[in-house]
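Let me begin by presenting the structure, written as structure tokens, before commenting on it.
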Amino acid sequence: MAVISNNPPLLEVKNLRVEFPTRRGTLLAVDDVSFDIAPGEVLGVVGESGAGKSLTGNAIIGLLEPPGRVAGGEIRLEGRRIDNLPYEEMRKIRGARIGAIFQDPLTSLNPLYSVGRQLVETIQTHLPLSAAEARTRALDLLKEVGIPGAETRIDHYPHQFSGGMRQRVVIALALCAGPRLIVADEPTTALDVSIQAQIIALLKKLCREHGTAVMLVTHDMGVIAETADRVAVMYAGRIAEIGPVRDVVKHAKHPYTKGLMGSIPSLGVRTERLTQIDGAMPRLTEIPKGCAFNPRCTERGARCLVERPSLMPAGTSRASCWLHDRGGVGAPILKETVDA
Amino acid sequence: MVARSALSGWLHRAADSDVWWSFKSSPMTVAAAVATFLIVAIAFLSPLLAPHTPFDPATLSLSDGLKPPVLISPDGDWAFPLGTDDQGRDVLSSIMYGTRLSLAVSLAAVAVAMVLGIALGLVSGYFGGTVDALIMRIADVQLTFPAILVALLIDGVVRGIISVKRHDEIAIFVVVGAIGLSFWVSYARTVRGSVMVEKNKEYVQAARVIGLSPLLIMVRHVLPNVTGPVLVIATLNLGLAIITEATLSFLGVGLPSTEPSLGTLIRLGNEVLQSGDWWITVFPGITLAALVLAVNLLGDWLRDALNPKLR
Amino acid sequence: MQSIAVLLAVGVVAFSLFRYVGDPINAMVGQDTSMEERAELRTKLGLNDPAPIQFLNFIGNAMRGKFGLSYRTSEPVGRLILERVPATLELSFCAAMFVLLVGVPMGVYTGLYPKHWSSRSLQAVSLIGISLPPFLIGILLILVFAVMLHWLPSFGRGQTVQIGWWTTNFLTWSGLKALILPAITLGVFQLTLIMRLVRSEMLEVMRTDYIKFARARGLTNRAINFGHALKNTLVPVITVAGLQLGSLIAFAVVTETVFAWPGVGQLFIQSVQFSDIPVMAAYLMLIGLFFVLVNLIVDLLYFVVDPRLRSQGGTARVAGH
Amino acid sequence: MNFSFRHSLALTAIVCAGLSTATAVEAKTFKWANSGDVSSMDPYARQETFLLTFNSNIYEPLIRRDKDLKLEPALATKWGQTDPTTWFFDIRPGVKFHDGTPFTADDVVFSLNRANGPGSNMGSNFVSVKEIKKAGDLRVEVTTKYPDPLLADKWAAIGMMSKAWAEKNNALNSADMTKNEENFATRNAMGTGPFILKERKAGEKTILVNNPNWWDKPTHNLTEVIFTPVANPATRVAALKAGDIDMTYEVPPADTETLKKDANVKVLEGPETRVVFLGFDQERPELLESNVKGKNPFKDKKVREAIHRSIDVDAIKRTVMRGQSFPTTLMVAPGINGYMKDLDKRPALLKPEEAKKMLADAGYPNGFETGMDCPNDRYVNDEKICQAVVAMLAKIGVKVNLRAQTRNLYFAKILRKADLKPGETSFYMLGWSPAQTYDVHNVFEALIQTPNGATKKGQFNAGGYSNPAIDKLADAMEQETDKAKRDAMIKEATKLYVDDFAYIPLHQQAVVWAARKNIDLVQLADNSFPLRFVQVK
């Protein structure tokens, strides 16, 4: 179903919980999230801001910002558990096995070092290459990501590049030590719309060529639809629905996903106003009992108010919604019955 | 009744706020706040609390001179718990009055700096261009002349221009002015930065359209924005001002020694440090260090608490 | 051009202010000198001329390095100052080194581990540096290290070596020992300031995306902390350190008085006490010149550190946060 | 061995570093410190005790003072008056300057004229002089405009310079501040004295070395003397305790006791000839700084008496001066010619009520308010004394607004102006020592006689006290040569000013010197410190 290939998954996330201790109690920002990524696969992760998608990404690369911490579950890369590794061990994995791309290419590069230096530094940290070899590799990468005149540009500083060019450099940096997985956190959000498509295409192309898997975190369903093999929809720290991209887009199973898909402008067709889901995602401090989505849900049943659904098969996908509970314990209940 | 509930509401909100929480969770900060409060309260209530009035020469008697502190020496006199100096001044009372004077001078100096800095920052940020360049250049030059040099300069000028006769009466203004003048730059820069951000916002343009003075509008919008940083700078400057006043006193341009500030007391004590009459220096020294330390700790905490980015 | 304007402005301040300080005549003659002699001297010195004329004379002479004779010692002011500049510069230099070599690492450490107890106590301890007036710190150091322990000299420069017109402390053991206490006294105040500045810049930089990205690239902590983070804190630190160097020279007035250090600061305070106008004016001009030089050096350092300025021609100044 | 000090400082430094190691066994280096530097190496640059005595180590006078401040022959073997207006000085033969050139009558004539010339600050010692001329290789004759019995005393402070050296180095006159040229003699020196100037760094240090060819038998054993100004008193005391210096003087009274307890340090104390006193404005019809309008309370003797007798000089001695003072009622100290011991009796202190009553009788039942001026860096604990006075007067209802400031600003304010207008003060502190003549007449002339532009009397009578009877007596004593008659005049005049409460003499401050235990030295009452009496053990 979910895992198409017979190979063991590249990345396994099982029951991941990320907590933030605050003075008002501990916030559960990522709650019982599980998914796999196969080698070479592109998994899109969508959701509103605060849904926990970036935190999941950060947890995978081991860079949760304190006081956030992994409170439960496990993360495995190529079968090896990585969520409890000491800092130094995890450091060796970052860059070498898992690359990362962040939202804003303008601020991701150190303004005081030339791009070449930053590339060489990263390469030499992970690969046993001499300075000259590392530079050659850096140059190749820059050419590969499509920097024109890479031979001269390699010694330029970040501020001398345009936004799109900078994101290309960032991609080169993420790829330079040959990682198997790239966690791309909103890689195009900060870019002009015209450039977004180019960057996404580049990312997709490079990953295919290098056989690198991608976890593409974004709130842009359009990007997902074009790029991802599978998609996970997150809501309030949980996965609402996960499945092949085509199915999720076309035949959303979770009421939230349905609403989300309704809000995507069809490519090429600009509508004045997007369909929106009424209300807003609850704050982490105020997650309601039962299904977190129930206050906004148009198909809410009584059970949704008391019991929290976990992922259950729903067609080719899986969704955490009682609508798809085939166990029979709680068949879908009509909305009217709860309005008492 | 209404006011009361409003107050309690405010208190409730204050108690619930992040700032208060970060305050409570740092014992060092609480200790600093308590120390500051105690020192400030005692200092400003010194006319009521102090056992003697050291600034009134009629109450001084040389026969009380150089008494050691009671707890240390059997020669002590309970009328002078921390001993007396060579003028027969009660050290405890001198410290209380002196702290009051030091605080008053430093607060006034910081106020001068704040008003000057905010005003120049507003003007500089608002008008930009040549005015801005000029003010910022002056700020650069100003930074080269620290409080000590400025004070020596101003003191020199004032001595020259105003007849020497009234010098003691204006000494306090010289010190306040000098310290204030040398601290304005950081306020100006903060405010200027904020103004530059606000200047291009729509409401400012809108204000212009409906005929309001944009400057006035900006003052109303900018000032709340900069309250935090300005408060932080002010707190840290306060400690600096107290020390600077003491140093100026050492260099002979401080306050008159008939009405000694904390700094003047230490300067006077500095002269007898090796004479065995240690209490004349040590107690004011401890008070000064405690006060400045407490104020700085508060400032540090305030900076961290008000800068949400750093939390 | 701007530098010259600044210098000229300082010149105006230097002259026009000090023209009115005290009465130099009293400093120049003994108590017993008769009134006629005093009046005559006043006329001869041009102290009765209109101020603008005196100012023009002053600027004209200053441009040729002539500041006249000291009213107090009747020696040429230019030479008096020149003789004492090495002492102050060496002292300030050592204090600056002390500040940078101790303050920057302390700031980096407390910035990297802001929550660690050692950082917190380091920060609290450093506050002592700004909680006591510098003159008291100086005297206490003397009492401990000179009078009680006999480790270091209590005052003065010790043995100096003359190289051309420059006298240096650095070439003799006694000269080096003599530098320690004054340099610490002078530096301790700035040490605290620099440490806190570096700390808050460090905190700021450590939050930036490029540091996070550097981590995501798996760079070593060493490379991140000292390569990426520290270098980025340098720009504001350079600005402030440059300005603090100016403060050092001014605060040297206090330190030099306490340690009888024969530098320009001591000369200045003596001159203020004696209303020695030529010396005071020259001192101010020196500070002005120093300001211009420090600014120049700071600009050059920006140029070295920050590539963004290199391509823009180095005129833009990145202000500290 | 002949030291030449004119080569570069660098070279000398190296040579001497070598020397001092080579002769380490006999080398007796003496390091001492004072609050301020010698302002010039020119012996005529400033008429102040410190400069004069420091430079007297290099430049010797014709007649010098011995350990008891009595005159004794120096570069003159004999001197005296051939008639009331003619003095002669016989020059000591065989004396050589530090550069080996012989000292002659030409040098004496040159030096005296230079001291009386432009740029010199010594002019007041030459008021009576008509002509100075050479009368043979070893004799100089001086004619005066009127009989001047004190000429030799005045000149005991004037060092002799080398004419040839001054001519060669263009130092014929003392530094002229009106020309922007420096004077060679400001930082170089060429005398006949027991010490040779080796290195001079103004404000930093001055190094003297022994003159092996000195004409007199040295009573010191020093090979090198290093003088350093150390402004901060606490540092000075610390340096002495730490052994970084061998001697310092004008020790702060507060530190005297601890220094006495230090096993490595000895303290020498003695009264100084200077008397510190308070003066009143008795000249203006209305005080400058007072709430009394239309009259001047200090013109009233009753007011002066009430104030005089309310100031407890013994209390000041105990706490403020920590025992380091010698209270006096007279304007001159013991040791000065004309000091009247039997008149030095302080009138009894008044109780506050008595003093208040006295003020009430004078028309001030509620006291009054007055300004007071005080230096804060001139006399020992000057400002603190004034503060104590303020407190004492507060108790009798006189509110004193004290203004303490640095010496030159202070003197500018309180001293009489060039046109002899009274000083801008109502109540002030001053110290005075007749240091050139050691005779009481100087005190009458400068402080007590009515200010008079024509006769130059009363120039330092800042408050304008005036008593015609004293004026007359003082003028008479100036030219009186009969000692008994003169003493009677002095006694009468002294009695007059004491009874008038013309001034409030407070005390002689103690001269407190402190030295390391291994230093032998002689303390002089005029607070001068000739190095020729110093021995390092």
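By letter and in written order, the chains are A, B, C and D; residue numbering begins at 1 in each of them.
Quick note on the criterion: contacts are C-beta pairs under 8 Å (C-beta built on N, C-alpha and C of every residue); 3 or more make two chains touch, one makes a residue touch a chain.
Remember, it's a predicted structure, so these values are computed and weren't measured experimentally.
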Which chains touch each other through the most C-beta pairs? C-D
Tell me, please, which chain's centre (mean of its C-alpha atoms) is farthest from the centre of chain C? A
Centre-most chain, if every chain is reduced to its averaged C-alpha atoms: C
Nearest whole angstrom, what separates the Cα centre of chain A from the Cα centre of chain C? 54
At what distance in angstrom does the C-alpha mean of chain D lie from that of chain A? 90
Taking each chain's centre as its mean C-alpha position, how far apart are chain B and chain C in Å? 24
Which residues of chain A are in contact with two or more other chains? none
At which residue positions does chain C touch at least two other chains? 22, 135, 139, 143, 257, 269, 273
Would you give the residues of chain D that are in contact with at least 2 other chains, written as numbers and ranges? 234, 238, 241, 377, 406, 409, 412
Residues of chain C touching chain B in their complex? 2, 6, 9-10, 13, 17-22, 120, 123-124, 127-128, 130-136, 139, 143, 189, 196, 200, 203-204, 207, 243, 246-247, 250-251, 253-254, 257, 268-269, 272-273, 280, 287-288, 290-291, 294-295, 319
Residue set of chain C touching chain D in the complex reads 22-23, 25-39, 41-42, 44-46, 61, 66, 68-69, 71-76, 79-80, 83-84, 87, 135, 139, 142-143, 146-147, 150, 153-157, 159, 161-163, 257-260, 262, 266-267, 269-270, 273-275
Hey, which residues of chain D end up touching chain C in the complex? 9-10, 13, 17, 33, 36-37, 39-40, 42, 45-48, 121, 123-124, 175, 177-178, 180-183, 186-187, 201-205, 228-232, 234-236, 238-239, 241-244, 377, 406-409, 411-412, 415-420, 446, 456, 459-460
Residues of chain C touching chain A in their complex? 208-210, 212-221, 223, 227-228, 231-232, 305-308, 311
Where on chain B does chain C make contact in their complex? 28, 137, 140-141, 143-146, 148-149, 152-153, 156-157, 159-161, 189, 193, 239-240, 243, 246-247, 250-252, 263, 266-267, 270, 273-274, 281, 285, 288-290, 292-293, 296-297, 300, 303, 309-310
